[in-house]
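You will see two complexes here that share subunit A, one where it goes with subunit B and one where it goes with subunit C.
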Partner chain A sequence: MHSIKLDLSIAAPGILLLLIAFVLPVTGILVLGIENAEGSFTSAHLVKFLTDPFYLAIAWRTVKLSLIITAICFIAGFPLAYIMARGGPKLRLWLLIVITLPLMTSVVVRTFGWMVILGRGGLVPQALNMLGLVNRNFTLMQTETAIVVGMVQVLFPFMVLSILGVVTKIDRRLEEAARVMGCSFIQAMRSVVLPLAMPGVVAGSLLVFTLSASYFITPTLLGGTRLPVLASSIYETATKTLDWHFAAAQSIVLLIGVLALLVPYTRLSGKANG
Partner chain B sequence: MRLYLFTTALITGTAILSSSALAQETLIVNSWGGTYEKLQKELIFEPFERANNVKIQVATVYSADMLAQLRAQKNAPQYDVVQFSGGQEVVAAKEGLISPIKPEELSHAADLYPFATAGLARGEGPVSLVTAIGLLYNQKTAPSAPSSWKDLWDPKYEDHLVLTDLSNSYGLLGMLMMNQVWGGTLENTKPGLEKVGELLNRSVIITSSPEVQQNFAQNDAWIAPFSQDYAHVIRQSGQPVRFVAPKEGMPAVFFTSNVVANRPNQALAKKLIDFSLSPEVQAAFAREMRYSPTNSKTVLDAEVGAEVVHGDAINALVRFNPQTVDGMRNQLIEEWKKLIAR
Partner chain C sequence: MVKGIPVSIKFFAVAYVAAIILFLIGPLVVVAGVSFTAGDYVTFPPQGTSLRWYEAIVTSPVYLDAAWTSLKLAVLVTISATVIGAAMAIVIHRQRLPGTTFIGGMFLAPLVLPTIVFALGLLIAWSSYWGATSLLTLWIGHTVIAIPYVIRTTLAVLATSDKFLEEAGRTLGAGPWKAIFYVVLPQAMQGIAAGAFFAFNISFDEAILSLFLRSPEIMTLPIQIYTQLEFSPDPSIAAASTLMILLTVIMILIIDRLFGIQRVAG
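What follows is the complex of A and B.
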């Protein structure tokens, strides 16, 4: 019943779209990154990136922030997804609305909201000032904290929804059995629910990590020019200094970095599935 | 027979009318959109159309794109008059894309400040307007008005400084000026980078013009190197911000009007440029947008005069060689990025 021909014909529109809208332009960019102005091969752009401590620091900041953002999304998202899965349908619906609602406003608008809240004289700095912790001019804007806060809000739904899908399918009786066998709630969570929810966690983490590594609007607006990340550096190089070759080389580094992460992760999720 | 005569008369009449309409010449010019383009239409293009029975078509094309288009259309140019703000006329003149204008072909040439006609000998168009980069400060909160670029290093301004990223052309000009003030040159930008490096812990660094306004309005900014026309924009929005011309001189953005080479209507194009140099037109641009006039006969109201660099002061404007700047720009921006990254 299962024929490759049939599969292919069903997937053809999608594959075609991917070819035209993804493979073609991305290949163009990759080629741009390894050629010089005359069009012959050169590794100079990549070497420049990989040997300059400034650009390595940008890459490191990107990885570091993405890891922190992913970790926070997981720590906050897993319990929420669990409660949503185990709560009544009404609660689930409302929580779902609350979580997905921010996705319906533009990222730029949400980021401007954070600028007001985190900036000098904004809600958070003022509250900290009233508690006597910081001085009047304290601002969270243009800090890595601001980037993390803004990005977590943007990406949190992706984590929760990925985990939610898997947790709702876990048989409740498995948990009950674990409790009957003498597990505490936490133990049941750790040794039964979490391992079974691993595919969702892996998928969510991947989504969050790759998205946060390639976002540039939020880091640019909240972090400012003094805290460049890879994506904002690519944007600057391509649009401000118009050095397309070097911008493409940076894109190659970003793409390979994300791919390198993808492979062990899919292995991990394969194990979790098995 | 009468009908025949009537018809003939009608036909010839129409023919004469339409041929006179055909004879109406057309000039194609570029402008930069926004208030600038609107004012140009109102003050220059429309009156010129009426006075000379000519039609002016305006296309919104920024300087760098304009130069690219001129290059592409070298054999069959599509524009008659082009305006540049980023020094592109230097390149365009070298490549023969624009026609030289003789001073005697412009009735206002003798009234222009010397720097405005200096480019004519090199085949560039005259400078029509100027906006200077100086220091903006908040009259209410800043402890005192600055008078020198070096005042930025005065600790009394605490951490209320706003600096502009070098990817912004105003930021680039400000940086080159500070570099010059501290002994640097276009070939050696180290002194400037080092000295500005000392300011980083006291500054907010912005990339776009509206952020300057936002920092004065919300972030308690006291002082910022930026342009005189934008000081006016911020003031209009209700902030007590004033523009100061530092004593060491100021870099500026020079707007030039140029006649495109190999176009039929050269004389008319020159006439249009000449018209834009009249004291009345320039006074209106100073009043509405706070751009400095280049015609020394321009009369400014006291209020406008206080906010716009004019008279003798305008001769102290610093013009960095656009070609040299173009060649060093990317290198400087990269060094700057490395300097400011935490």
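What follows is the complex of A and C.
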């Protein structure tokens, strides 16, 4: 009994902070999104979002880009995770540092780098120009391609780390057995490693998808205002038009989408780590 | 006989790893390159080399103010997030409080819940109860999102610590608080310290909460950069960004020394 009191007094400040500064504001959003100016229930804001073609286009762009980003992260991330898992400790350490660096750098700094590379006169447009594919004034800025490129750099580490956690636990002898029985390297990958790594792949994909649906700084800076995604639309609504009810309703849509994917994620990552 | 991995695949693997490294690090190198330009425009490769843009930011009151705000905020967040996070980690680790698993889950929620929803909620809640946002608002917001990192690093260290040492301390006559301060905390120190550096880094680099809660009083460095990116990018942004990258590199190396970057990933 005594020890419970002690633990409670240690935990009290943290719990209080979480309730007031996190649970309360987030609950506030949920209420505000389904409330009218008089404070009674209305689904008008949600209906507005779900019926207006402008906002539906935003929702579709968000889903589409998140899917593309997730697919690229998987295709590019799986081999790296495998190499990290099977490579020496030194290689693994260096690659970990390489992936952690963009993860821990400020999003504005990373995005600025892409603006220089993809913008008019940047390295990529110049290279394409030299190949004779585009003219001198070509720019990749304000395109969905730019958004995808910038976001993949940010979210790639999450995918690699998720897969890495599972691949390190796969018994090497299973692969060896497959090879002994006549599988080629690629076949062993496809029929042994990939299926066993599936929990990591799915967990990583869910994480990358939800994160890419909720980022707005990279899409806003690289895609511009003509290519809004759900998160940037929330930001615009909240800070430019100051329609808090509608911003909250859009947040509810985002939240429902994210939670629908996060529930299986926590199950899977719990399994993968357990 | 089983053949090794075919040479063609090994060759492909090396090229692929090189491409990935280029993709991840390239943009940061480009930013650093731009910062040393002698020209007036953001171009890569830079035109000539000079330190004029570094000189420009260290003499610019706007950048100095922003850096000072960011530093002040990051230090405050480091203190609050580390104290609360370490305390929560100890309680979660002991599992004596009813509902500890639930509490632990709640504290990790800011990691997975979209920050934008939390940012909007905090903005609206703060504006309707207390009025204009201030450094205090941002301090609280950053603390909430930094706490999970401290909890995770501290828990990771506590999981490998000897739980009988605390009992031994108690048996030898230490009171419950004394046992925590002299036995449990020193054991968890490595994780707490790594968490503290994480907290600093998160607050110093954070832009989402800072953008939502933005007011003239809390113009942090990332917000200053963001604002300039939207309107008139010049190489001074690159100089400020390069210094931020440098700080991040130092943080990663410290965390690796203290805690091992491998465990952060796990």
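The criterion applied here is as follows: the second predicted complex is superposed on the first by the 237 of 274 C-alpha atoms of A that agree within 3 Å, B and C clash if a C-alpha of one lies under 4 Å from a C-alpha of the other, contacts with A are read in each partner's own complex, and residues count from 1 in each chain.
Here is the rule we go by: a contact is a pair of C-beta atoms (placed from the backbone, for glycine too) under 8 Å apart; a residue touches a chain by one contact, two chains touch by 3 or more.
This structure is a prediction, so every number in the text was calculated from the model and none was measured.
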Which of subunit B and subunit C A:Phe156 touches, first, second, both or neither: second
Contacts of A:Glu236 with subunit B and subunit C, given as first, second, both or neither: first
Contacts of A:Gly121 with subunit B and subunit C, given as first, second, both or neither: both
Subunit B versus subunit C as contact partner of A:Leu221, first or second or both or neither: second
First, second, both or neither for A:Ile58, with subunit B first and subunit C second: first
Contacts of A:Gly39 with subunit B and subunit C, given as first, second, both or neither: neither
Partner chain in contact with A:Gly132 - subunit B first, subunit C second, else both or neither: neither
Subunit C versus subunit B, contacts on subunit A by residue: C
Those residues of subunit A which subunit B touches in one complex and subunit C touches in the other: 121
Residue numbers on subunit B that touch subunit A, as the complex places them: 159, 165, 167, 200, 204-207, 218-220, 329-330, 333-334, 337-338, 340-342
Sites on subunit A touched by subunit C in the complex: 2-4, 6-8, 10-11, 13-15, 17-18, 21-29, 32, 76, 79-80, 83, 92-93, 95-102, 104-117, 121-123, 153, 156, 161, 164-165, 176, 179-180, 184-186, 207, 210, 213-214, 216-217, 221, 231, 234-235, 238-239, 244, 247-248, 251, 254-255, 258, 262, 265-266
Touch list for subunit A against partner subunit B, complex: 54, 57-58, 119-121, 137, 139, 142, 224-228, 236, 240-241, 243
Sites on subunit C touched by subunit A in the complex: 2-3, 5-6, 9, 13, 16-17, 20-21, 23-28, 30-31, 34, 42-44, 84-85, 87-88, 90-91, 94, 96-98, 103, 106-107, 109-110, 112-118, 120-126, 140-141, 143-144, 147, 176-177, 180, 201, 204-208, 211-212, 222, 225-226, 229-230, 233, 237-238, 241, 244-245, 248-249, 251-252, 256, 261-262, 264-266
